[in-house]
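Letters A, B, C and D name the chains as they come in the text, with residue numbers starting at 1 for each one.
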Amino acid sequence: MFFASDNGSGVPEAVLASLARANAGPTRGYGNDPLTVRVHDRVRAVFEAPQAAVHLVATGTAANALALACLCPPWAAVFAHADAHAIVDECGAPEFYTAGAKLVPVAGEHGRMTPEGLAGAIATTGRVGVHSVQPGAVSLTNATEAGTVYRPADVAALAAVARAAGLPLHMDGARFANALAAIGCSPAELTWKAGVDVLSLGGTKNGLMGVEAVVLFDPARSWEFELRRKRGGHLFSKHRFLAAQMEAWLDGDLWLDLARRSNAMAARLEAGLAGVPGARLVHPRQANAVFAAWPRAAHRRAQAAGAAYYLWPADQTLEGPDDEAVSARLVASWCTTAEEVDGFVDILRG
Amino acid sequence: MFFASDNGSGVPEAVLASLARANAGPTRGYGNDPLTVRVHDRVRAVFEAPQAAVHLVATGTAANALALACLCPPWAAVFAHADAHAIVDECGAPEFYTAGAKLVPVAGEHGRMTPEGLAGAIATTGRVGVHSVQPGAVSLTNATEAGTVYRPADVAALAAVARAAGLPLHMDGARFANALAAIGCSPAELTWKAGVDVLSLGGTKNGLMGVEAVVLFDPARSWEFELRRKRGGHLFSKHRFLAAQMEAWLDGDLWLDLARRSNAMAARLEAGLAGVPGARLVHPRQANAVFAAWPRAAHRRAQAAGAAYYLWPADQTLEGPDDEAVSARLVASWCTTAEEVDGFVDILRG
Amino acid sequence: MFFASDNGSGVPEAVLASLARANAGPTRGYGNDPLTVRVHDRVRAVFEAPQAAVHLVATGTAANALALACLCPPWAAVFAHADAHAIVDECGAPEFYTAGAKLVPVAGEHGRMTPEGLAGAIATTGRVGVHSVQPGAVSLTNATEAGTVYRPADVAALAAVARAAGLPLHMDGARFANALAAIGCSPAELTWKAGVDVLSLGGTKNGLMGVEAVVLFDPARSWEFELRRKRGGHLFSKHRFLAAQMEAWLDGDLWLDLARRSNAMAARLEAGLAGVPGARLVHPRQANAVFAAWPRAAHRRAQAAGAAYYLWPADQTLEGPDDEAVSARLVASWCTTAEEVDGFVDILRG
Amino acid sequence: MFFASDNGSGVPEAVLASLARANAGPTRGYGNDPLTVRVHDRVRAVFEAPQAAVHLVATGTAANALALACLCPPWAAVFAHADAHAIVDECGAPEFYTAGAKLVPVAGEHGRMTPEGLAGAIATTGRVGVHSVQPGAVSLTNATEAGTVYRPADVAALAAVARAAGLPLHMDGARFANALAAIGCSPAELTWKAGVDVLSLGGTKNGLMGVEAVVLFDPARSWEFELRRKRGGHLFSKHRFLAAQMEAWLDGDLWLDLARRSNAMAARLEAGLAGVPGARLVHPRQANAVFAAWPRAAHRRAQAAGAAYYLWPADQTLEGPDDEAVSARLVASWCTTAEEVDGFVDILRG
């Protein structure tokens, strides 16, 4: 009963097998090997973006911070939802990589910025000329930190606001596969066709050991990205071991299968919670995470049984009245099983 | 016949097997898993340093840059040999992570700083008070970029100079195992017992996919290191996959076996070159790299036969008189074979 | 009728005379001249802080950014009121000088943080361990950007919250003299006796050409400040010309006279506005700025007559109904005259 | 007898008078005042560069660091003479403002880079692709730190090397007026007509309290410069007091008169030294500084008489044999007198 995070899971056998295959013989380093070249091409094909620049890194924080650093100068304001990983969970990595940009939180229900909210935040910033940081970029997270998704039309609406202000649009896709699987559109439709300039395509939360692809749909800043990556210490010498993971992930659409699996388990959790007395959803469940509240007594039973998950927000405790609802985050991963979910729900039911 | 770099090699089966074992079941992320805790302890034990702080990262550049950033402020001068990786091959990563420190090259034969050379460089810097950057740290590379090693007494002599100037001592140990295997002393003797404050312990060039341990013998800056690592995007969520590699590497002293193997192949290259007409060593061969010069005609034969290695320095070419000696770097890795070496030498002999 | 800013004013004759006196003969540069030494001592005496380190710079932004950089690391959260100059008006200078800290806005009426608001903001930040920036420092502005003041007890209450969280307390005193003159306490009582660790003591808005003193009540970081100042390009070679201004300013308590003068003119504005139909204060008037709203028709008359001031907030316009109140900021300086004030009020009255 | 530095001098009466004139009445801040606008135009006229962007700052270090930050990215190598102020005397300001660029020292006799030396340094850097910092800009100092000058043809030759490598050319003109006065060409001929892209035009060492103009001959990066200046804390609110100084300086070519005066006093020093037994020039004397060596006994007499100057290099001492020559730097300023010079020479003669 592990619902603490989708990064608690391991990797499918196919990924291990791909690593073993890539292990044969010496090869050139730093991404100049044939496997890496092939995987870059593969990502371009998946996104129907033959001109895009693709670069692999090992962590989502690196992907986001490097992408933003390529999009805006040190005096930029970067607009993102107040809950965005780049604002809350990266210990200032975007500030570090951009040499001091300001992350401006944008409010919005269920983890999603609205076009109006974004436009308002942009209008407020930069109103005092040289005295103020200047609007620099927009970053949206899909699927969001609240387990919801932006559909292509939602992305396009935000992209229109960004474009009107002359700002590039970054998508933090740490859970891009989950969003894609939930929506059922094509990768291109959810990204560049909707106005996304740069995507952090996350593999780690969806079945890889630690691989993310940064896709620059406009390759103009590709060389800058490479220099920033090297300078950030993120250029792997044995680069083929990143590429091998991603190749297995894309092969036969494994990435989408894994995402569908975790989404389905989250849906099963949602359905099960519907039968738990006093339980209610906090955010609509759209991808692989369920944000819900239920009585404290049921929390106590679950935790006594060894269930792993976070109270959300984190400043809540299990001290207090039994029947008071306390909210939590439950994240399903590709290796979550129906048995785990059902067992967990049974315990909550009491 | 691959002698281009030791990072062109793959990993031993034991490493793959360890990854497969670590793949079982969900676990806590970000290094809070039992395997990571165990590996940290293991590194401490290997170095007889129970109080040391140990942190894993995936690249040598990250290890060096994060280590130096913990050791000195933005206005520091960092003294290192003119050929040091941190000066020549990291695209300014130390400058980036330290927020602008100045790397000061120190001359020295065969890739080694001398105590006198180091003392002179320190004396020259910082002589104009607030107008100048201030001496901040010393970084030495062992084994060096010239394939030589510092023995414990050499390290201690440099440490004495550093200590006299109030400077901490960092060791870039991207090839630490090779140095250790060459010298035959204990890890402690080559590091903290000789005055090293922080070690970048490299696994990647010696059989891992991408794992380095930063060992802070004084743990006072451990939390700072963790924050800098996160902020640099170098904290792996699925951290156990770094730990698993390093566990296999330390198990049964595999790391030293691998290093001995590559050192032995370099020695075999050295011996073979002795029989090549017109060949001579450029630097003494002490670890797993051979720097040698031999006639251009032999180079042409080797390259025609598909041998991979770099001319060194890189601004030389194969255009020119047949019998003129051109220097090159030959690096042996743990998977270099005696057949490769002998075949290569045979071709050089003509 | 100039109420746009207190930095629109010039300097008293005494300041020019002091510059002329300091102009005699060659002297050592970079602050090693006798005049600078004397002025440093003088500031220490004024603050009853014989151990404090005093350093002069030429702009308030430099004073704040350098002070904050000495107080906290790059991964810090700096808590300040949402309207603080350091957050709104410095184009990211604190982010630049700290190498990427995050400025966290704290809400609060009339430009003032409350202890509860500050405590809440601190509690919210840093709750996720290494993933989050870490609470680093508190910065309060006195007099505030809303023209109000913190009295010693207010400062002490915020300092207690900061201290409880282990955070140093910075005071942006761009208008410190105005606050001091308004309150009538001693400089020490409003600073270190109330828990302030570092003060940016502003001269520029109160009669100097461009001089601020940074006072580190604990001198431990004095040398670091000097290096950061030099590195930031803020160490004047002809330093005596900064010192000469500040000497004239402190002589005979000129600084307090100037502040009393501007405060009195703001009080006169406040009193005059009481007689303007439809006018009302937006913030309590406590120092040298008046934030008030009055009918648009009166604004139009004032601007037609050449009165200079800013609508506040800046996104308002004079387009719209005549009798609708529009808010503005009126700042009095040391050279504002009673005639200016009265003439302005007459125009508003119609 | 003050020859320690040209920044030990004060300012001519005309500068004080100009400050007094500028002191009348309130005005808009931050450079939006009529006087600043007028002075910008004036600089453009002096340089026959109607399209240039002109910005004032208060220190030479700020001028250089801001200029370089506008010219190159964080991963740049900046080529400058090994003695350049930006390398030796700015405590890492260029590294700070560029977010971590690497200053690469270029050797060259008498403080001057040669085209061959520059070309060699450029060729050496950036040879390893993404692993190395990338050639980013060239900075030359005129007059040099050795008191010599680059003539227009010298500048053009270096500019040709820079241009061939795609690098912009910065001129540190802390003593530009002295160079100009020495050569007798026009400001345009010594700058943009010879290939200079950005000039730091120094007023401080030549009669101002602290004013430098950064002239971007291509104004494309003007707005970036303004944002960097503000962010660096270098935008003066009472900007007219910088402009007032520079207006007086340019009026009636006062700047050139002052420079001619200091150059002439240096020439007089040179001539006087010719009559000192055992004295010899270390560098050709071309502007306002004399680098010479003379017997230690004469040094002792001079210092006993209160003469102020630096031994150069600084690691020499007056301990040692009487007749051994020790080298020193003697800098004449606009207020150096013939009496001072002659008196000093008399003492040296004994």
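Simple rule for what comes next: a residue touches a chain if its C-beta (ideal position, glycine included) is under 8 Å from a C-beta of that chain, and two chains touch if they have at least 3 such contacts.
No experiment lies behind these values; they were computed from the predicted model shown.
Chain centres here are C-alpha means, and the one lying farthest from chain D is A. Should one ask which of B-C and C-D has more C-beta pairs in contact, the pair is C-D. The mean-CA centres of chain A and chain C are about 42 angstrom from one another, to the nearest whole unit. Computed from the mean C-alpha positions, the centre of chain B lies at a distance of 51 Å from the centre of chain C.
We define each chain's centre as the mean of its Cα atoms; on that basis chain C and chain D are separated by 34 Å. Touching two or more other chains at once are residues 74-75, 90-92, 96, 99-100, 130-131, 227, 230-231, 235 of chain D. On chain A, the positions that touch chain D within their shared complex are 30, 73-75, 99-100, 130-131, 134, 224, 226-228, 230-231, 235. The touching residues of chain A, when paired with chain B in their complex, are 2, 4-5, 7-11, 16, 19-20, 22-29, 57-63, 65-66, 90-93, 96-97, 204-205, 209-210, 227, 230-238, 241, 308, 333, 335.
Only residues 74-75, 88-92, 95-96, 99-103, 123, 127-128, 130-133, 314-315 of chain B touch chain D when the two sit together in their complex.
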